[in-house]
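The letters A, B, C and D name the chains in turn, as written, and every chain counts its residues from 1.
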Amino acid sequence: MDVGIVGSTGYGGVELYRLLSNHPNVSECILYSSSLDGTSYAEEYPHLSGLSGEKVKPILLEEMQQLDFVFLAAPSGVSRELAQNLIGKKVKVIDLSGDLRLKNPREYEEWYKGESAPKHILDKAVYGLTELNRETIREADLIANPGCFPTATLLGLAPLFHHGLTKPHSLIIDAKTGLSGAGRKATQSSHFSETQENLRIYKVHEHQHTPEIEQQLKIWDSETGPITFSTHLIPMTRGIMVTMYAELKNTSTTGELHSLYHSFFEGSPFIRVRREGQFPSTKEVFGTNFCDVSIKADPRTNRVTIVSVIDNLVKGAAGQAVQNMNVMLGIDETTGLHYYPIYP
Amino acid sequence: MDVGIVGSTGYGGVELYRLLSNHPNVSECILYSSSLDGTSYAEEYPHLSGLSGEKVKPILLEEMQQLDFVFLAAPSGVSRELAQNLIGKKVKVIDLSGDLRLKNPREYEEWYKGESAPKHILDKAVYGLTELNRETIREADLIANPGCFPTATLLGLAPLFHHGLTKPHSLIIDAKTGLSGAGRKATQSSHFSETQENLRIYKVHEHQHTPEIEQQLKIWDSETGPITFSTHLIPMTRGIMVTMYAELKNTSTTGELHSLYHSFFEGSPFIRVRREGQFPSTKEVFGTNFCDVSIKADPRTNRVTIVSVIDNLVKGAAGQAVQNMNVMLGIDETTGLHYYPIYP
Amino acid sequence: MDVGIVGSTGYGGVELYRLLSNHPNVSECILYSSSLDGTSYAEEYPHLSGLSGEKVKPILLEEMQQLDFVFLAAPSGVSRELAQNLIGKKVKVIDLSGDLRLKNPREYEEWYKGESAPKHILDKAVYGLTELNRETIREADLIANPGCFPTATLLGLAPLFHHGLTKPHSLIIDAKTGLSGAGRKATQSSHFSETQENLRIYKVHEHQHTPEIEQQLKIWDSETGPITFSTHLIPMTRGIMVTMYAELKNTSTTGELHSLYHSFFEGSPFIRVRREGQFPSTKEVFGTNFCDVSIKADPRTNRVTIVSVIDNLVKGAAGQAVQNMNVMLGIDETTGLHYYPIYP
Amino acid sequence: MDVGIVGSTGYGGVELYRLLSNHPNVSECILYSSSLDGTSYAEEYPHLSGLSGEKVKPILLEEMQQLDFVFLAAPSGVSRELAQNLIGKKVKVIDLSGDLRLKNPREYEEWYKGESAPKHILDKAVYGLTELNRETIREADLIANPGCFPTATLLGLAPLFHHGLTKPHSLIIDAKTGLSGAGRKATQSSHFSETQENLRIYKVHEHQHTPEIEQQLKIWDSETGPITFSTHLIPMTRGIMVTMYAELKNTSTTGELHSLYHSFFEGSPFIRVRREGQFPSTKEVFGTNFCDVSIKADPRTNRVTIVSVIDNLVKGAAGQAVQNMNVMLGIDETTGLHYYPIYP
């Protein structure tokens, strides 16, 4: 099977390359970039010395249309254009940008401050939250791969919201991410000296992943109100932790909630619901496609605290994309993703 | 003026030493420790080579009673005993442990899992949140210096709760701290290899600073309900950020709230309310006694997000203790605390 | 094939588990520990939740003797005793400690400050520097797996010393390592707050890897004099860089030296000699068994600078041990070690 | 006294501001920048909120000429031009760039790849290695403030080279620095995700501080040959450690060498020669003007290992500049530099 990666020189792209190069069903993995075409991949990423002899190609639409899969790891805006030129051809498209996730074009325009993809494309795109959408993903030609924060958040909340257990308007999401989520571009805010031994909050009430989370929660529980979602930059490279707070409609014990989570995620090999009383940390999923989750009820407040961790570049991007490819191929969804966390 | 530091070999103690050694009103700074007495201070802390020639003394109650000030930076439990032997003497006592902060002994026993100090001592102890309690601190002989999380939290919430602007039962506090807050003891969870590139949550719904925060909030706004408070370990050494979420009773704009904060903290040189739209980061207060605060209203949810940052060892411990000493001495509260943040 | 790991709860042990669990020739991987037997492995290492359901066993000599391979990742001293009870049985032994590396018992006693293994065991142990010793490793029953620093150092120097190109007495080795090399034990010097934003030198002129390096260099070039070897602790978890300086007997250009290195390491898939002018960094081998090397001649001084990097827990310990097992099995030496570096 | 800082928005500039703002002899500290003039300083550096209300000015030569001191913290090339327009006026100039350090213009052109300052300016500039040059600094109008690596290196070597104790051609200098030394500009190599958990070597045999070190060593010991000097980037923000290796002409014990160092640096309050057997780490001088040094002889090789640490932005730049200003003013050289290291 021949696959292509657009945006191959970004962090999402190079992580796709790591996973796809070792995937047993992939025979060739072609690299594309609109900005760095012509460069040697191993020169751009010396950790690939001896592993990649390839040169990065420019965007070659006709060639891409004939591939089996193409992964779009380009920035928002770029992806939208490419997707339109690839659908309806042989190739199946998995888009890792935010361009095709929001069904309502007005929401895209409001939160992304740019022009939305046309409605017929948005309608065609299947939201690739694998564990929750396997059936539709299997039949899809075009996947809108979820954002990193929505992945961790929605997996952490799915059992609660599926069963309508929380009060509307009570959800607070406090998200924390490593720096790699901001991409490879050198900016003042990704400068080591400004980041190390520092902790920052950003895009308060304005993060573009907010409507993506709300859209999905409302599908599960139509009473869901607007959420409070904030994001923090942690002085580490990989990893997302999302701490979520919600009020329960009725009283539940931590034990009952854990049972609910365990049964909800049965058959989902990448979701590890931790034992009662144990909360996951980001390093415990480093380099893998796992999403580890725990929940605890507080009888004092009748609120629950839910914690969900992922590696933002794997389950939050490239890994889930490969998982979706596996589902579309009808093979075991863990194929090519059998990595153990690197620890310490 | 002669001062003493008990628990001088811990991180709180050595930070007190840094500040007191350069304080213009302090002529001698005597070091005590119950566990490491007899050791050379500069041998224990080589960064003090040439700056401290002192040996650490054992606990000498009679000597301490004759000092002008003694700072108790010993663990909870130890402090309680010492305080009882020092009050009623010449010396004024500033206790940095949690032993004397909770007025209700049952709350101490529930959250600290140990025996409370006797009620008459608790009654005597003045809660040393300097900016809010200057008048009573000035007259006090015994200060219960606030915890690091309560300091950042309460300073971030004081204007709102003083004016009763938030709905009861709506407060969520998501706190993040560097590792130095956990002290100098070598433990598995403070091991570099387990901490670096890692993000952890701990003591979910069980942190002993919870009742300390609630006690003070209820003084300001008696309707305050139980809070949700969670704490995270950030892979950095110093710094606390507290992100707080609350629902407003009425609608307010971010501008109105900033005005409120600015006027509330007028005359408080260590509180820097940031301009509208700018949120502080922990590194921006590194090594100093500042507490930087910002707030933003979200019209979508009618909630506010408040962010407060401190250096946990300065404003969250040693710095605020020195600030309280200054107030007790009737001198400018910034004396000996004129440090600029070290950046980067 | 059934294999065992002694010292499975240390960092070397858990890294062996990561590699062996995914190794196609290993059917069972049994965990032993003298100190933590009885504990659940996934409770000790929650990153293995769902991946390991095993309990750690005590040292069971008879059981071990019947395994195909046993890896000793126990501390120096422990290993020596165990090895004596395992040789001569069915099991092949790969010892990752320093106990069996020095052929001269007096050197062991001088540098390790402990009793050496008996001479007949030392004589039996084959030094497992895979790339240089494949033939003897293939026939061995007992492997002394090289130390982390010697691995990086010797691979960086092998081409030069094999050809006798450097002046005796001119070699200086400046080594830098991440914290995981110091093991999992919580100590003052592994405390995050003492390590982060800090750089330390340790064991100056006294590091126990010194005689191990000298022993091998003298085999290659009998004129080799005593070396200067120093080690530094870098605020990172994984990775070793060794910077080596030596004077050339004759003049060589960087190009000539690169040609020499390339041809020397032909057929060694884990050694990546970088292109002229490009030096490797530790992150470029993170999580893998690669050793990346570069060299540069300085016509001003007629010295060369050689840089060699490895992941200390992989090529410097567990990875090279598995590579040696592969050689002993007569299978492709990269089996089970096809990992791409995780970057960033 | 009125002083100016050119290049005030860089890391060297903002560190000068920290020190000069708290200096008792400085009444006004004016900020200049050729690139960011017009911006509010506290907006550029929010850690200065409430501490600096100033706007950054453009380069105003006439105004600068009337100041008491001007510090040039601009990049190489810029400094050279400015210095020419400032000398001969009232103002005394302390240049922190590399433009005026090399007395031989050809060396500048070879190592800096740019045009040298005119010879008469170079002749006028006094090399500001304070501890070694106090007498000439006192009389100077123009100071070439030493580079960060040369400062640590030369202070570590001065006693040995003054007494001609080492063999010519035997010196190897292995330097390690935090990221802040590379300045504030956002580049690929200063990106957090490429730097964290990474260790790199750069400019092998090509670092522009090489001739600066050689120039000074030859003044002390004319037999000094070309040195080997290499530099590594450590994943930390501040701090330089230089590890130096040299062969002794005759045998000396560590004790004898420590005595030599202690007496050599008597009267130098910022040089802390550590006790025999104790080596300094970078964090032990964090935020201060100290240079901590230790030395150890190795009888096996007759080489010595010398370790020297500084904070690159203080003793390696702004702090030494202020120290030089103090010497030029004839006041205590520690004025305004009484900081204790921040630890941890």
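Following the convention adopted for this analysis, a residue touches a chain if its C-beta (ideal position, glycine included) is under 8 Å from a C-beta of that chain, and two chains touch if they have at least 3 such contacts.
Being a predicted model, the structure only gives us computed values, none of them experimental.
Undergrad: Which chain has its C-alpha centroid at the greatest distance from the C-alpha centroid of chain C?
TA: The most remote chain is B.
Undergrad: When I count C-beta pairs in contact, which pair ends up with more: C-D or B-C?
TA: C-D
Undergrad: Which integer distance in Å separates the CA centroid of chain C from that of chain D?
TA: About 38 Å separates the centre of chain C from that of chain D.
Undergrad: Counting only Cα atoms for the centres, state how far chain B is from chain D in Å.
TA: Chain B and chain D have C-alpha centres separated by 37 Å.
Undergrad: Return the distance between the CA-based centres of chain B and chain C, expressed in whole Å.
TA: So the centroids are 46 Å from each other.
Undergrad: Could you list which residues of chain A touch at least two other chains?
TA: In chain A, residues 11, 178, 180, 184, 193, 196-197, 235-238, 281, 283, 286, 344 touch at least two other chains, as defined above.
Undergrad: Please output the residues of chain A touching chain C within their complex, sorted ascending.
TA: 11, 14, 18, 21-22, 45-51, 180, 184, 196-197, 237-238, 272, 274, 278, 280-281, 283-287, 292, 338, 340-344
Undergrad: For chain B, which residues are in contact with chain C within the complex?
TA: 11, 178-180, 184, 186-188, 190-193, 195-197, 235-237
Undergrad: Could you pull out which chain C residues touch chain D in their complex?
TA: Residue positions touching the partner: 169, 172, 174, 176, 178, 193-194, 196-202, 204-205, 225-228, 230, 232, 234-239, 241, 243, 245, 279, 281-283, 286, 296, 298, 300-301, 303, 305, 307, 309, 344.
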